[in-house]
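This is the structure I want to talk about, given as structure tokens.
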Amino acid sequence: MRKELNAAAVRKFAANNIVPIIFIVLCAVCIPIAGYSGTYLVDQIITRIVRNSFLVLSLLIPIMAGMGLNFGMTLGAMAGQIGIIFITAWNVVSIPGLLLAAIIATPIAVLLGWFCGKMLNMARGREMITSYMISFFMNGVYQLVVLYGMGPVIPLSSDQVILPRGYGVRNTIDLLNVRKSIDNFWSIKLFADENGAGGITIPFLTIILIALLCIVIIWFRKTKIGQDMRAVGQDMEVAREAGIKVERTRILAIVISTVFAAYGMIIYLSNMGTLNTYNSHSQIGMFSIAALLVGGASVSKASIKNVFLGIILFHLMFILTPQAGKNLIGQAQIGEFFRVFVSYGVITLALVLYEIRTRREKAESARNLALSQEATA
Amino acid sequence: MMDRIKELAKSFGLPRLIIAGFLMALFIISPFAGLSITAAITDVAGRFGQNALMVLAMVPMIHSGCGLNFGLPLGIIAGLLGATLAIETGIGGPVSFLLAMLYSTPFAIIFGWGYGKLLNRVKGSEMMIATYVGFSSVAFMSIMWLILPYSSPTMVWGYTGQGLRTTISTEGFYYHILRDTLAIRIGSLQISIAEILFFALFAFIIWAFLHTKTGTAMTAVGSNAVFARASGINIDKQRTLSVIMSTWLGAIGILCYQQGYGFVQLYQGPMYMAMPAVSAILIGGASVNKASITNVIIGTILYQGIVSMTPSVMNSLIHTDMSEVLRIIVSNGMILYALTRKSGASR
Amino acid sequence: MSEMTKPLLEMQSVSKEYNGNPVLKDVSFTLGQGEVLGLVGENGAGKSTLMNILFGMDVIHQTGGYGGKVLIDGNEVKFASPLDALKAGIGMVHQEFSLLPGFTAAENILLNREPQNRSVLSLVFGDRANTIDRKKLQKEAIDAITKLGVELDPDMMVSEMPVGHKQFTEISREISKSSIRLLVLDEPTAVLTEKEAEMLLKAIRNLASQGISVIFITHRLQEILDVCNKVVVMRDGRIINELDAGKTSIQEMARLMVGREVSTHPKDDDRAGRTISDRIVLSVKDLWVDMPGETVKDVNLEVRDGEILGIGGLAGQGKLGIPNGIMGLFPAGGSVMLNGSPIPLNNPRACLDSSLAFVSEDRRGVGLLLDESLEWNIAFPAMQIQEKFLRMYLGGLIKWRDQNAIKTVTDKYIEQLQIKCTSSKQKAKELSGGNQQKICLAKAFALEPKLLFVSEPTRGIDIGAKSLVLKALREYNRELGVTIVMISSELEELRQICDRIAIITDGSVSGILPASTPSEDFGMLMVGKTRKEA
């Protein structure tokens, strides 16, 4: 009896955590094939955590408010990029530069988030596909502004930023001014060789920033607004009856998420050191969502734990697969395609599993009635 | 009188009116911008023939209530498999086009069947999942294009002898096989009758299908699934059938596109191909759960008209090509509009 | 009554009409502090309208307000919204739970009234950035639960609670509002087990002893006797009688509830001389149906050839679940035999194939293709099930919709049932409720069934359309000999047209009587007295 119970519990655990389990197995298989050293992997993973966690954390609040995965986080990323473009053009360097970028990005992110939230209130029940389409639509607007507006309409004249034709921002911008400025502000290096190469770098300031955001999110859950969001997320009608302003709360959730995403993007770009003007934001949206799902989050439930587990597993896979592909078949490209496939595949899988699980729970009530009938008969 | 105009505008839809007006304006401006109207019409007609079938591929799934077919890339992949297999045989000319259609059919049916089964399990969130099914399958096939044992020298990378090229020319196979057949040429105006007939044939098949017993059942499922179930219809079966049809039309649609465009685009090529088709049918007046052949025709003309006219007119007027950006804004804005409309269905 | 002891609540000749139809007429009663008032009446007697008026619900304002006066402590009040009513200390617990499944009992009890602590950040971001004081929240919730006097774990998640505890949570929420003086409970015991119901009754007495007045709406008359000071019986929008709960009986209340003497039977009533064969067409054994809000637990029923069988009962007791379960629209189990051969359950197609047809009570959701033409609506099931209205080509390979045949049949029913429409091409959503109902009937008639289930055929349609619909059903039965099973909440309507009437209580048949039986007897069956007791 006890054994059966355990077996059932294990099966249930596996069913509920199928995505992270697949990834753990995948990574375990790839590590020996890729043949990277332990220190290299640890250093890489720390870099990725530092780079991405702020972005992934920004997804938590809309999930709490029952709005699903916020594909509209791309909007925040765009706001962050606009901030970065300005400070690069104005040549404001290092941490003051990044702060200025954040100040510029904030109102833009608030505005975009407000727009996105308004739209999502009009598309209840299909928030995800709508936020996804908003990110596409806004991508067009962003390109219009950045590719045509910057120069003639919005005065910017830096050669570093503007294309030689006189308007529009370059495809890639080198962010030498702010490159790793947060990371290098206070960091230590472990296990490095005598030349200072290799080893594991630990950037304390960035880690403190991320820890701060985690604390803010934990604190946020305990506030009145956090409680309201959880209520709205469970049942809008009940929340409305209790007098909670449902629409406002939902818009606020998206605005907060968008602003955090903007800050996350600034941290990300400073760490990367280059801005891919027309690609970075869309890519980051997909990778962040995939990472969160890999960590075992679902459309309706996600925690800080999911964020970090997700980033570690997802990016480990990211680092490993090209090398593993190369060592296995002699083509690094297969690994590249493979990780794109995995990113999309994991989102598909998580969405499908979520739907099927919700359905199963609904079907259970019928089964219970049937059982109780049989019991009385 | 005013009321009548208002009502007409309402039934036609404001965004559609704006887009039609914009297209009209483009046509009026173009002679002043030094562009030839006939060239413009030729271009729009060509694009219509190339793209209309993929827009038609939206119709069955909308009818059965599966929503907009964001999973079109899956159908396109079936078409790509057909195309590459046909080229692999080395047979050229019109036969290669028939072969490509023939080879892609079983893939379309199998993919559509599986895709339909999946969508039946996620009723209510079809569109989001369809989008990602499309993306995942494109990414998966990218791996496959690298490792599948194709050997035709026209397709395989020259230097490694392994893996397919990103773009493969249809020259020597079915390049312009419809475009140049039965073409009417008056001066610089060229309209291909065969291409339009090819579309008309499939449009007729779909139209006729929707007039049969099964087609009626499919429409009822989309209109009110509970009603259909209470009337003894197997909803899942109808939906699966509609998905298979849409997938197959997508496959034939991409072949038609390739013959006009001249290239088979592999790897990431099909990734975002669903968006223009979705947006075109919405511009044509369809909603998330209602669509007709007329919507397909009007939508394709309007959408392709805008896409082809804007760059040339803009270029000659302000010497800036903003067309790609405008295309993104218009097409995604249209989808967004359809999704946020209150009257839209709940999926 | 002296100045000092003004009643807490007084209603003075309150009346209300919807579109010219009076639904409340001259309703007056008083309720003192700490009193428990029982409110009984059939569905549609006007209880909910009365409560809507008390709470100032939007639906009342939007339909032209009400007549008469509502007084609290002797002063007239007119609440603009339920929030005003709450401020005046009136709380209501509805039949449907309004709870968040992922919150604990305590969180639900104090939803949106959570005790808060200000923090530094509140200065920057405003009050919504206050943190929630969990300890105080817990304490206030426990206070409310203690005041109610029930056992309820404040930390239990609502999704894990038995139904009774959910009900207690709801009531605790109302009680936790410090100003609460009057509590309205709408059928709170309907979903409870016997033991839970007992606990609740005890809690009501407990509240009354603390000076809180209660209006208790229920169909379980025994509970009225157990807990109320007085009883108001409503029927057809009037107060029929105000009784002292100590001096009345279940029989008396039941009689008053349903005891309308039917003035005249229609002239063409031919039932007297009618003989119904003993042959059983449909026999239902141990049927259970999982239809939310209309659960069927254990129904045994036999339908005779050629009769019109009525199925009545109060709302929520399961009468609607029976046809919906048999026709496969909701998960069901048990055995159903038609003419001796079993009908597979959970399979709508099989039912339709064996010549059963169903007119659903949910016209807009199940009954109609609102966005399609009348032609489609009427012809669709017959086309799909029986291949009518089709033209075959290529030896049946192509089954083409025969537009002419469809139009012919639609026009036939439009004329026969006097359906008001511009043409057979009109969309179903553009018709009025009564005409939509006729379309639903035509749809079923087109199937030419041997046995027809009709569920709530007159719900939400005007009187003229009502009699037309009933007449159509009667003629259909008489002329074609089709057996009809009609489900309705209106007992009088059933008594008008049926041969026998079965009453469903608590998910199973509490009795079957000839339609000519006096209403009181049906009333007794409805309120849960079994055949033996009655």
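Note that the chains take the letters A, B and C in the order they are written out, and that residue 1 is the start of every chain.
Quick note on the criterion: a residue touches a chain if its C-beta (ideal position, glycine included) is under 8 Å from a C-beta of that chain, and two chains touch if they have at least 3 such contacts.
What you see is a predicted model; the values in this text were computed from it and never measured.
Asks: If you average the Cα atoms per chain, which one ends up farthest from chain A?
Replies: Using the mean of the C-alpha atoms as each chain's centre, the farthest one from chain A is C.
Asks: Which pair wins on C-beta contacts, A-B or B-C?
Replies: A-B is joined by more C-beta pairs in contact.
Asks: Just how far, in Å, is the C-alpha centre of chain C from the one of chain B?
Replies: Each chain's C-alpha centroid was found; their separation is 49 Å.
Asks: Chain A to chain B: how many Å between their CA centres?
Replies: That pair's centroid distance is 32 Å.
Asks: Hey, what residues on chain A touch two or more of the other chains?
Replies: Within chain A, no residue contacts more than one other chain.
Asks: Can you list the chain C residues touching chain B in their complex?
Replies: Within the complex, chain C contacts chain B at residues 327, 329, 348-349, 351-353, 358, 360, 365-372, 376, 380-381, 383-385, 387, 390, 398-401.
Asks: Residues of chain C touching chain A in their complex?
Replies: 83, 98-103, 107, 111-112, 114, 116, 127-132, 286, 288, 290, 295, 297-298, 331, 333
Asks: Of all residues in chain B, which touch chain A in the complex?
Replies: 70, 118, 121-122, 124-125, 127-129, 131-133, 135-136, 138-140, 142-143, 146-147, 163, 267, 275, 320, 322, 324-329, 332-333, 335-336, 339-342, 346-347
Asks: State the interface residues of chain A toward chain B in the complex, per the touch definition above.
Replies: My answer: residues 119, 122-123, 125-126, 128-130, 132-134, 136-137, 139-141, 143-144, 147-148, 329, 331, 333-334, 337-338, 340-341, 343-345, 347-348, 351-352, 355-356, 359.
Asks: Which residues of chain B touch chain C once you look at their complex with the stated criterion?
Replies: Counting only chain B, the residues touching chain C are 211-214, 216-217, 219-220, 223-224, 226-227, 229-234, 290.
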